[in-house]
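Labels for the chains are A, B, C, D, E and F, by order of writing; each one numbers its residues from 1.
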Amino acid sequence: MLLLVCLFALLFSSSSHAADFCVAKLKGAGNPAGYACRMPSKVTVDDFVFTGLGVAGNTTNIISAAVTPAFVQQFPGVNGLGLSIARLDLAPAGVIPMHTHPGASEVLFVVQGKITAGFISSLANTVYVKTLKKGDVMVFPRGLLHFQLNDGEINAVAVVSFSDPDPGLQITDFAFFANNLSSELLEKSTFLDDAQVKKLKKVLGGTG
Amino acid sequence: MLLLVCLFALLFSSSSHAADFCVAKLKGAGNPAGYACRMPSKVTVDDFVFTGLGVAGNTTNIISAAVTPAFVQQFPGVNGLGLSIARLDLAPAGVIPMHTHPGASEVLFVVQGKITAGFISSLANTVYVKTLKKGDVMVFPRGLLHFQLNDGEINAVAVVSFSDPDPGLQITDFAFFANNLSSELLEKSTFLDDAQVKKLKKVLGGTG
Amino acid sequence: MLLLVCLFALLFSSSSHAADFCVAKLKGAGNPAGYACRMPSKVTVDDFVFTGLGVAGNTTNIISAAVTPAFVQQFPGVNGLGLSIARLDLAPAGVIPMHTHPGASEVLFVVQGKITAGFISSLANTVYVKTLKKGDVMVFPRGLLHFQLNDGEINAVAVVSFSDPDPGLQITDFAFFANNLSSELLEKSTFLDDAQVKKLKKVLGGTG
Amino acid sequence: MLLLVCLFALLFSSSSHAADFCVAKLKGAGNPAGYACRMPSKVTVDDFVFTGLGVAGNTTNIISAAVTPAFVQQFPGVNGLGLSIARLDLAPAGVIPMHTHPGASEVLFVVQGKITAGFISSLANTVYVKTLKKGDVMVFPRGLLHFQLNDGEINAVAVVSFSDPDPGLQITDFAFFANNLSSELLEKSTFLDDAQVKKLKKVLGGTG
Amino acid sequence: MLLLVCLFALLFSSSSHAADFCVAKLKGAGNPAGYACRMPSKVTVDDFVFTGLGVAGNTTNIISAAVTPAFVQQFPGVNGLGLSIARLDLAPAGVIPMHTHPGASEVLFVVQGKITAGFISSLANTVYVKTLKKGDVMVFPRGLLHFQLNDGEINAVAVVSFSDPDPGLQITDFAFFANNLSSELLEKSTFLDDAQVKKLKKVLGGTG
Amino acid sequence: MLLLVCLFALLFSSSSHAADFCVAKLKGAGNPAGYACRMPSKVTVDDFVFTGLGVAGNTTNIISAAVTPAFVQQFPGVNGLGLSIARLDLAPAGVIPMHTHPGASEVLFVVQGKITAGFISSLANTVYVKTLKKGDVMVFPRGLLHFQLNDGEINAVAVVSFSDPDPGLQITDFAFFANNLSSELLEKSTFLDDAQVKKLKKVLGGTG
């Protein structure tokens, strides 16, 4: 039977696309399904383990918050497996500003503290807001605007998981104000006042 | 052979899920894959034809623009087929404000006039803007913020197609200002000034 | 906060598979999900714009018709985004002969003139035919035989969109008569007469 | 531990959508993903077993051939599982005429006799033909025209499997000639001669 | 503009399949894509929040472990969104025995304590084992055998997320020994000794 | 019209990702969607034909059984097409031991002899077992434990098809006993006795 085992092993081991997993070769060219697979013979258990989420992110910034992602770019073992994870740290009054993940739904689990979180549906612009305490879970459907805010008195920590190895992250403020989109086009397409636009462009490093 | 034809027809006609198509029963309960299928025997060619896009939408509103959708809710023949379509009308200075489609990519084809359109990537918040003339096409990747603006002197018309029968539409201004999301939470999660928030809530009918 | 923006940008910009988009490198090897992505830093707005559809295709041929595709091979920006587009020109009496798209559904929008279009279901071989006028839309479910015909008196123009960046196009006449499939096999598998087969092979350049 | 087992069983047994399987309720309304699931408590092993393929189909018809499908309509256990199966019987000179499966690829395995099979790509209309003997396998990519022919001297039998529970089947001859599509439209969209069209309409029961 | 907002709301609110989300009606019949959607007007924020994971599961059982799922059956808000979550509690020496999730990959995040976890590839039966400490993450590719074990001295807690709302859970021991599969068939298909089989059937409540 | 045919051919032939098919380049790096495509110009009919299944596999081994796969690694023509096939040979008393396919459902067709087959659901660990005779078909849902056994008196042969070009194969005995997973971890995670573990590790070549 030893022979048989070897035979099966042989049948499947000479190839870099496995039914089992496809650890990302990040340096090569990606494609719509993700990254190319590393040869299974080069893969070790450490490709399936990510150790960066045990430490708090640095929240000494103007949002008093930090996101530490374990997306496919940081954690190549999730390539092709349909999920990824990240850590949120929110100092008191910290906020992950209004944002979307263009390609994934999100589930948030509160590990410590309290987090007020909400999302807005496209259906009648209904708002779904809740203050979550330790152990609570909230789901944010794919592509919809949502935010997380620590209105408690201690640091809040959450684990967030996504339905894609590469969920993307589009923070509305950064999309509007942290680039060279002309103030004229931005104002016409958002109805924001010129003063407001210029003020936030200055804070976020935008030009135009 | 007639018999054979009949036999094949029989094999497949007694059932409401067809390999071929699945015209939506909009009144029943939907599910993550779309709507239940109407019985093929009840389906006629008119279920596959939509006639509402030949007429300009009414642009006498404050955005000087109109969207006429032929999504699955209006055009049940596209249910389960992975695409849908709509018509855009933009009077001079008209604008489809910054928005996303949570579940679909979009291709815009300019039928008449000139349209300045743009989208913003989540990757470094890069802006991709272009002024399109009659016959030009632009693609807006799924879930990313984008806008369309008529900065020409005549009415502009475009046909837009989507990669989903039910693409959704989340206009950022409506999501922020046209509901009961409290000004406090909104300001904290967008860094917009209180005066700006209140001004736009008033215009768009928001409360809180 | 500037720092934070930069940080986010950094996190995601060093890689050629983006959550946002994946502009095709057409020269490399494709795979079942599409083409490899170009590095985002090499991508410009022009990769998302296609300008070839503003001009009528040349209809001085025996079908008096032209198809101008903006599929992924011509329009690399749609790679991985689940849709594509094309322009149809039909001179009076012009026809896009019976054909299928092996991998996509199609929505047709009549921009000018009148088009009689139809498809045939596999379910009892039911025919769905309609004469469409300017502004009308018709959907052709994936993989089913369909045709478009200008029985009006002026040139007809349509925009067609597909549920795949690479929908394929199999025109039955070309598949039967424009290659080296032996007349014997073709006649046995279609019940067409030998004279008919030889006549159309001659017109369409087939041998065998 | 007994308790624990019961607990797990309880957690998952009160619901008709199971991660495991979803045996079709064929009488209810289908939807784009297939049919509704029967309650697992009503499911028995016989829902996963199909016994109709052991017997030769009746080939005393003008194509000297028979297809016995075990698609979801006949074999509800495959609902949602992404595959199905059928039996082909081909008497000498029997043929499964040119056809497509709009929604599935096919693999054919020759159980008995010899079968000449072929498909035509949309890419340059290339023909791929081969005479297969007992034990040979051929794959026909989704949506492409293909045929199977017994040019041997004994009955041929094949097992064909599909990449979908509901692959559909569109036989070109039936689509063209076995319905009420007007001869005029058919001739314009296929370039077939009027005599040819009328002859085959007569054989296959078509009108118009 | 108020009118416009209302118009958009109207367009999309009269239907129970939304682009945005599809909260499960658990009592109706499921289908391969999940459960039918509740009407959006009946949905509240509490449908998107799950509060059961803040409390430790009861580990006073023979595996000294507990799984508290927030799968679609317990947490209907994740229906159709491609992910779900659960809590693991492992007392010292507690174990989640060898198991698979037939339809999902898993990411485990250690909230407290130490967990030794491993999976086995089908490729040459390679073992990937690691002892994880607080904050570490490990991914278990879909369908592969894996286990989790607390070999530390304090209770261990983990949050596990899945790439499907309904991942399923097949514990090998329960599948082998906690049902009426005959000992004869089980022994022939596993090479386990009769005494071993009977011993574990007794512990786990199996018959046959 | 010849020109037109050539034009279409040209449009689509210069690229290695075709809508039609994607024959695998097995030597290059795979990715989550499968293998890169060979250039269509290098593809011949033999890429779509597999001839290895006509001959019985060698069953003179301790399981008295053989699996001859035509998965993508052996049969590159199925790459990206969503299915594959294999041949089972079972001498009298031969067995394909308890196993799963992590990424595919399976349909088994009995070509010769009798096969007792079964699978176990995760739902309450229900067993579905049946003795199949020539011509019978059984479906094994994706990811669930199943086995096949010849309890007849002649050799049994079956054709099995899968819903994926690369279904994977995890035989529980090999996963447990044919590698270097430590006996201690294995015993803790399976409740098997040390003697049983050591006995089977010896038979199957495991260490630790």
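The rule we apply is simple: contacts are C-beta pairs under 8 Å (C-beta built on N, C-alpha and C of every residue); 3 or more make two chains touch, one makes a residue touch a chain.
Predicted model, so just to flag it, every value in this text is computed and none were measured.
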item	value
Shared interface partners, meaning chains that touch chain B and chain E	A, D
Reference interface D-E: repeating pair among B-E, A-B or B-C with over half of contacts shared	B-E
Result of counting contacting C-beta pairs for A-E and C-D, higher pair	A-E
Where chain C and chain F are represented by their mean Cα positions, the distance between them in whole Å	35
Centre-of-Cα separation between chain F and chain D, whole angstrom	22
Touching two or more other chains - residues of chain A	5, 8, 12, 18-20, 28, 31-35, 101-104, 118, 122, 124-126, 129, 141-142, 144, 164, 168-169, 174, 178, 203
Graph class of chain-chain contacts, one of line, ring, star, complete, other	other
Listing of all chain pairs that touch each other, if any do	A-B, A-C, A-E, A-F, B-C, B-D, B-E, C-D, C-F, D-E, D-F, E-F
Interfacial residue positions of chain A with respect to chain C in the complex	26, 28-35, 61-63, 69, 72-74, 101-104, 164, 166-169, 171, 174, 178, 203-205
Of chain C, residues touching chain D in the complex	93, 95, 97-98, 100-103, 116, 118, 120, 122, 124-127, 129, 141-145, 147, 149, 168-170, 172-176, 178-181, 185, 188-193, 196, 199-200, 203
Touch list for chain B against partner chain C, complex	5, 8-9, 12-13, 18-21, 40, 44-46, 48-51, 53-55, 70, 75, 77-78, 81-85, 104-107, 109, 111, 118-119, 121-126, 128-130, 132-142, 144, 159, 161-164
Interfacial residue positions of chain F with respect to chain C in the complex	1-5, 8, 11-12, 14-20, 22, 25, 28, 31-38, 79-80
